[in-house]
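The structure appears below as structure tokens.
Letters A, B, C and D mark the chains in the order given here, with residues in each chain numbered from 1 onward.
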């Protein structure tokens, strides 16, 4: 099934005829559309988003031709932003982590179980050596790159070397700030998990601040990292109910379950080409 | 916006080209597709379901021609089941109720607020007079039709008269059984709310049985009524957490909030042509 | 049952023996403890909170004596803050509202159904006349008190007259700011519903700001009003999942269901003496 | 803190004075009650349940004396069922598993993280050798005991040897039926996770049957195993929303997350002495 499945993603200024043009193109190529989602951010003057999954016999061999034909026949006339991605090729994913293992292990464990089939986790980079052993048992390379405010230039240079060629960088509780330069140069989206329900409690110590404020739900947020801390486009969020009895340790423990769930969904959806950026927010098909 | 919006729903045996044919048809008619959902129940030998929302200038005047053209050019060659429904025409909805007011009032109140714009509630039929006053304040006709096992034939004959011409009959906690003959003859789907998480606790007294079994969540289920009690295709379900402290009265009270929420969603989705039957279950777009 | 039920609530600095002293007192009075909750905010140097429900034959006649004995024998020696409230006497509740009816109607409707048996809603005060008719059908007095920044002094003076003698003031989407003077002088807790998941989106237009930020859940928060806007102790919160498809109108509609649910729980819990203030947050038993 | 903490659990026929007698006893012993929960299943003719957590200096040395005094002074006169458990002594827990690793690994991983401090997992018994390697990395003994309908007598004899001395047996997706004799002889509660929202889909293949019935939520249930399959007292349940798009594989994958969460909560609550059996259901404090 997956061998001949492809995903076509389109973004453009909203105008009539895009769906018809794209589906007619796929039909004339002999493809069968099996999933289709579209969204217009605003009937007047909005952006248009389209994601189609199709099956096409011999997709792998025909991919280059298909892309060229789509560019010429559909994308150029309609001024579309687009990509076609074969479902059989998983995204190359790099993980960055500090000392907390829950997000990291959940991703590695799901990959091993075959539940993250659209992601190929190729490396774990950490600013601490602590999790080397845990990662080793999954057969994924672990690289320790010390990072502090003082070491940041060297660390980021090393990161750029290590992360070259990856399609996605996931900050699975990586607790150092990444510079705007790094985010620009790394050449792949950087997806972060923040341990609060953003925009509440952006920044440091969200669980302690949640306790202080007396909230009755705590949450986690997966978002694309941008230069402004915890302000990037949100992909997924979830919450869990807490009471006055939960101290900061209990909040941290309960929250860690939400963090790993939210991060895993965001990684999976990103790798399935379901997440499209719409200015400061996202469309998730 | 709604004036020129139409909804096209298609069901057929799964085969390639349906999406392309439908979207090309709409494009050549000058329509702009604004929503699109599709589903194939099985890649081999499955059923295919499609729902598109489109905008077409002058839809009201062009509706007959559009339907004729679609039947001739697309539906007949591809052997499609289909309907085209103008979004500006709400479904005519009849409510049936016994003594419990929570589902009924929530629907009437939402209709008054303009939150059920795809439903036009035209009548309330009840086997008890109790809720006549509450209904009167919403300006909807209330008809009392006594119904018991003995009176059922007369009651159902009267129901058929009253409900003629409606597009949907909603059992908003109507506590009498309807016969298979009635369900066949009424000429519209009948949508029921059952006060349990089906298939658990089908039949009478679900909250008392939930208490006895000691479940930790109680629920409600909206489904299409079929001759077999509480066994029809499920449209929507939801649950709420309960503890050992909740007695049957508290379960009933907590459950009533879930019932009205679940029923309202099901009615709304049905009236937006989002619910398609797939044998014993439903596709909800 | 309720006729002889009483609720005893205690707050004090944490120290050993409070539970034993209180329960021994109730036992020697012939009372049977049927519910008991306690919480210590910190094992070192914390505050202690206790709520007991008890049954005592002839409670109504014995109430004054019981209070005097408790004050003398238990509260004074242990330096307790405390109150004893007979469950048969509902709290006198005043509602304030502007134009949105969903929170107001849900409270009135539940009171009529007998679901808010610990609250006696005695008045509705509004800065707009719009909801007079809807309130009239519930048999509750409706008083229109215009209020703007310019009229605030007169409005608040009138409010103080109208609200004298009430045990609780509920802002059921009252969209004018109340002054610190008013909050001090009104002589009852003021409970507000804010249409966001605080501390996110405090202040005006939370749904529009939620849309702009692209959150994937929206929420509502019930809290005690304090002079600082939307910063008072939180009683209850809840959220609902939303997608990129929901515009501000849809967010507002979905959010209104959460608002009324959250507010109703908070009002009910407050009236059952379940909510105790702990500095900037609450203990909810 | 935990060193001197104890848990006292009481069940008896409901009668006045139990709370007072128990709390006075603890106070006179010099204990400080830090948590207290009670429940009466019925004001007339019900059962009464009480759980208190207390701190008492030198608890370990004083435990025998405390128990003897409680038996003599409180339990005997009032005819109480009771136990006193020091919080510093975790329950000895045995896990049984077949081939699915998700429930097992989550429990082992949480124990390693220190999140299951009231459980000491001492052994994993499996009817398949598959998970030996995964368990080895956690330093817990793994014993393979083949089991089929034909081998059941020998298998259960071996189980009784292996499980002797354990306080709790957890069936973490153990897919063989255990006999009534085994359940009686094993000398510890047996806690099972069933992969459906009971009482719906008791027995085999619940996800396939859920798909067939077209439910919109799937769930999991942790319960005490009894001779009647999937009919024992329920401890915890939870659900997750699904759509028509989820096939049986996806249901199984989504469900496995709920299973492990529900099982972990049930194990934790049981080991904290929070779960009391009340005929066919449970009280969970």
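Things to note:
What we mean here is this: a residue touches a chain if its C-beta (ideal position, glycine included) is under 8 Å from a C-beta of that chain, and two chains touch if they have at least 3 such contacts.
Because the structure is predicted, anything quoted here is derived from the model rather than measured.
Distance between Cα centroids is largest for the pairing of subunit C with A.
The interface holding more C-beta pairs in contact, when B-C is weighed against B-D, is B-D. If you average the CA atoms of subunit B and of subunit D, the two centres end up 42 Å from each other.
Mean C-alpha positions place subunit B and subunit C at a centre distance of 38 Å. The multi-chain contact residues of subunit B, meaning those touching 2 or more other chains, do not exist; every residue touches at most one other chain.
Residues of subunit A touching subunit B in their complex: 1, 16-17, 19-21, 23-24, 26-28, 30-38, 40, 43. Partner subunit B is touched in their complex by these residues of subunit C: 101-102, 105, 109, 113, 115, 137, 253, 257, 261. Against subunit A, in their complex, subunit C makes its touches with residues 39, 41, 197-201, 212-217, 219, 233-239, 243-245, 278, 280-284.
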